[in-house]
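The two complexes that follow have subunit A in common; it is paired with subunit B in the first and with subunit C in the second.
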Partner chain A sequence: MLNMNRSMLIKIFGFTGLAALFIAAPPIVSNIYWISVLILTQIYILMAASMRTILLIGHISLGHIGFMLLGAYGSALLVMKAGFPFCMALIVAGFLSGLVGLALGYPFLRVRGIYFAILTLLTSESFRLVAFNWRGMTGGAMGLMGIPSPDAISIPGLGVIDFSTTEGYYYLTLVVICLSLMVLYRLERSRLGFKWRAIREAEKLAQAVGVNVMWYKLVCFAVACFFAGIAGALFAHFQRGLSADASSIFSVLTSIYLLVYIVVGGENKFAGPIIGAFVLSMTSEFARPLEEFQPMMIGGLAIVVVMLMPGGILGFLGQIRFWWSKVLKQETRQGIKG
Partner chain B sequence: MALLEIRSLTKLFGGLTAIFELDLDVHKREIVGLIGPNGAGKSTALNMIGGVYLPTNGQILLRGEDITSLSSHHRAARGIARVFQDNLLFSTFSVLENVLAGLHLRTNMGLRDILFGGHRAHHHDQVLINKSLSILESLGIASEKDELAMNLPHGKQRILSLAIALAPGPRLLLLDEPITGMNAKEVETMLAMIRALRDEKGITCIIIEHNLRAVMGLCDRIAVLNFGKKIAEGTSSEIVENPAVMEAYLGTEENVT
Partner chain C sequence: MNLSGQMIWQGLVNGLALGWIYVLMALGLTLIFGIMNIMQFAHGEIYMMGAYVVYYLTASFGFPLLPATATSMVIMALFGVILDRFLFRRLKGQVIGPIVVSLGLTLILMSSAVVFFGLYERSIPMLAQGSVNIFGSIVPKDRILAVAVAVLLTFCLHLFLKKSKYGQAMVATAQSPEGAILQGISPTKMSALAWAIGCALAAAAGALGGSLFMLGPSMGLLPLIKGLVIIVVGGMGSLPGAVLGGMILGLIDGLVPIIFGPALAALLPLLIVILVLVIRPQGLFGVEHE
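Take a look at the complex of A and B:
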């Protein structure tokens, strides 16, 4: 314990404090509306974080929401039509999204930049249109109603946790999101993440030193889509109803918002999309009265951040820390001289 | 059996014939130069040997095995390494990280290592780090190990490219214009390094250059390309006296850099 430096201690305190805050939120907030907001925010956080994982291999996916759709409808249908229990449906929905990601990634990941973005964008819109029109499976324009919430589970010591209440579902979401973020973080910091960054940095060189670039890209994309599917399943069983019309969460606009969350929070750090999603979701909530102007505000904010703080919020904080440490050095030097 | 046999290699880009029926044998421990004026097809040939381009026609055999349609990461696994033109590096990685990346083929990528390898396991794997440091030391750039690759001067970046290529212990090294943009001293160092690689480690080299004078002393054999075709092949002294080469490439005295 004693040989940890100050910054490590600050980080540990910070995380513990944050964790405590999140765990204690429902009773503190004790307002169903705001707890729901927190649930949705967490889902957005997982979406933004998994979308950023794709950024690690140098591709921007504007179709991430399509994989959330797959997970949402997949899980709902598995529970409603095939009688799956929720926890199985959740995992299977994730794998469904992941497998589709694998299949589509094989052709898509061969192209970069704007071409990849367009391909993914069109794919997610296609998924949405299929869901919107397939009356037999997804209820078409009427949407899919009556998705049951997960069955209550009883934990010895804690009693029965009922997930049909907002509070119960909040804790379910918290656990799933935290586990997912931990896995994503681990992968990023592992040897796998190192290969991903090498591929983003210099794909031709990585290939020449023996990295099977296509394979590593596919793994990354599939993992990201898996977690998008998980986020979708959580969404479905929370909302208890899904719709895929043009103004729903599954529209193109959400994918763009996710990109903005990443940029505003800071794309260079793992916590970036988390901060960005949280801050912007909260801002949107507080700006409810101005709802029609929301796209404009988000867009404007994105432009401001890109021009003034390209590293996003976290990049900016990093800059401040750097300047502060330089100021401290100056003072020390003056102190010695003086 | 030659280490590398190139048979009738042809590459067409639409209507442009970049390489036409190239035949070349490269034997173990040879240093072969591939020279020619700009646009002669040297880089295309190297790209095909390295696996970046798929030939339109022809075959490439490595130790008798047909590797024509293998992608470059498979070729890397078979001992072919490449130093790219224009100092292609992992620019935002440190010098040490660059070599660590080059050690991919020597890195355990099992599931256990990925999920439970610990915080930035790759960077803490002492075996890999020691391997990287010894490579950097043998090339004389170990002191810059924590410097970002993009902050290195041009000559040192070239040496780093060489270090990355040497990391997996290749048998065949493809050098794409290794001495471009270097001053006289750096050129000497690089040429000596390449010679040492062959003499001490038995690595076979194929070098692309348009500076004939510089590689004349280094190469055992030289093949001259012009407009996609091989117009001459032989030792440096034979090449220099070859009239076809002189006409196509050397031209007047002023053209020899």
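Take a look at the complex of A and C:
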């Protein structure tokens, strides 16, 4: 009981501390470059967390970035060509990605696990090439430029928040991403999440007790794609310009990075991808002088974690706590004896 | 767009050559998957390294192209055996581990290529100069030679799997790992063999691709994706399926951009895969498991 309370306390303190840190970050760093880095890190956090949601049903998506691309271009085009307000475009972009995920999930989720990874990889690369080559709609190789930033809003008590500044946009991203993470967390802890994990552990058994396996898998994939679309919309209006060439964020490499974030953080815990994305984004930001050695470092880290530290950072921390409690127990026992 | 018969013919020939390169990639991938149950996402980097080995052998040591390709195949086969021994054999049976390790390997090998070989593109000497006249149309000789080499390698693999003792042992391991062990077939030997053959095929594909097109550190991504798609379309572990899938994808790459434009060419493989999965989830020539 005491132990449980203690771990709850650690969690609560950890989350409030982290939240306070993120809220206080812009005045502390007070440097547009670093605030931009933090915005991108938040977007990566949402991407990694939603990608991990697919892992709950035991599938690995290597094309999550493709759905982010859908959301990014969808939202940008809705605002630019159809005159939608930003908040509407954000939601519609999410639903667009989710619906495409639902439609593609039906053929993709029928086949063996490894096929799903291949097919999502193909999907994201196809989306990228279409965006790269469809000159009339997406600007083709020139890219899509001049995406407007969201309109300023005034909140009673806080004054007017102007989202065209980096600080303003930072807080917008923070709010949207925290809400999304909360929804993902609640979903994982709900009966829906329970069914997802049941499907991963024993698909045949879940089917036998009356879980509509295909439907719940589809819902899981669509939810993950929805949040990828949201992340994409946030990205589009932050960057104000999109391009889909081979070296852009929408390449397959980003999907690989996301998977590495999840695994390094620890894929078994909800906080895993969040911590992995944060730690690795910061590490690679500080390792920027290394330039071309940077991907090498990330790849090497991924291999080391898989071979030596299964469970990632969080798994390792849990291991340390386990050893520590064993040491403590021995000491009490010796204390009792002595 | 002005479409001439010559352009379509050119696209057809290019598509066939590309298709056979993709087939070599797919065969290696499916061989490794069949034995180890591991999908080798770093296969594109093996392709790239194979091409660079050929480049350095021809440019620095003055090897002729075909011996250089053979040497590159041997070197890459050894590299594959090393990868198997020190990384992938330990991950057998895991789900997410091998995927992450092979993707991490992709990052490492790709950035090493940037560091050691540089970002700018290079080219291997052409397989053959000139062209021949078939049915009144001009076909470049190097495309014919590339297809011939790829067909020869595929045929050799077919013979090896069907006729030789080790090939039959590999087929047995793929069909039933436990049954093969009971017959005295060593699973570690088989996995080393699968990696060696798979990586040698990728190196050959890289040499062919590098001599037809250009060399660059990120050249491996496209053939990797095509090889993976071929496996899904043709069915895992099926040689005729791989050949048919390779021809379909190669012809799409060769013909569709000329006729319908690049956007549709990018989307068409995805549509074909979805169509195949809806009709036959196990692939065109695949066998249903479980």
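We take it that the second predicted complex is superposed on the first by the 334 of 338 C-alpha atoms of A that agree within 3 Å, B and C clash if a C-alpha of one lies under 4 Å from a C-alpha of the other, contacts with A are read in each partner's own complex, and residues count from 1 in each chain.
Just so it is clear, contacts are C-beta pairs under 8 Å (C-beta built on N, C-alpha and C of every residue); 3 or more make two chains touch, one makes a residue touch a chain.
Keep in mind the model is a prediction, meaning the values are calculated, not measured.
Trainee: Of the partners subunit B and subunit C, which touch A:202 in the superposed model: first, second, both, neither?
Mentor: first
Trainee: Could you look at A:299 and tell me whether it touches subunit B, subunit C, both or neither (first, second, both, neither)?
Mentor: second
Trainee: Given the touch rule stated above, what does A:10 touch, subunit B (first), subunit C (second), both, or neither?
Mentor: neither
Trainee: Figure out whether A:119 sits in contact with subunit B (first) or subunit C (second), or with both, or with neither.
Mentor: In the superposition, A:119 touches subunit C alone.
Trainee: Figure out whether A:192 sits in contact with subunit B (first) or subunit C (second), or with both, or with neither.
Mentor: The answer is first: A:192 touches subunit B but not subunit C.
Trainee: By the touch definition at the top of the document, which applies to A:212: first (subunit B), second (subunit C), both, or neither?
Mentor: first
Trainee: After the superposition on A, what does A:88 contact: first (subunit B), second (subunit C), both or neither?
Mentor: So A:88 meets neither subunit B nor subunit C here.
Trainee: Of the two partner chains, subunit B (first) and subunit C (second), which one does A:130 touch, if any: first, second, both, or neither?
Mentor: second
Trainee: On subunit A, which partner touches more residues: subunit B or subunit C?
Mentor: C
Trainee: Which subunit A residues lie in the overlap of the subunit B contact set and the subunit C contact set?
Mentor: In subunit A, nothing is touched by subunit B and also by subunit C.
Trainee: Sort out for me which residues of subunit B touch subunit A in the complex.
Mentor: Within the complex, subunit B contacts subunit A at residues 50, 52, 71-73, 76-77, 81-82, 84, 88-93, 100-105, 107-109, 113-115, 117, 119-123, 164-165, 167-168.
Trainee: Over in the complex, which subunit C residues touch subunit A? Could you list them?
Mentor: Residues in contact with subunit A: 33, 39, 87, 90-91, 95-97, 99-101, 103-108, 110-112, 114-115, 218, 221, 225, 228-229, 231-232, 261-263, 266-267, 269-270, 273-274, 277-278, 281-282, 289.
Trainee: In their complex, what parts of subunit A are in touch with subunit B?
Mentor: Listed in rising order, the residues are 186-187, 189-192, 194-195, 197-198, 201-202, 204-213.
Trainee: Please output the residues of subunit A touching subunit C within their complex, sorted ascending.
Mentor: Within the complex, subunit A contacts subunit C at residues 55, 58, 60, 62, 104, 107-108, 110-115, 117-119, 121-123, 125-126, 129-130, 132-134, 246, 252-253, 256, 259-260, 263, 267, 292-296, 298-303, 305-307, 310.
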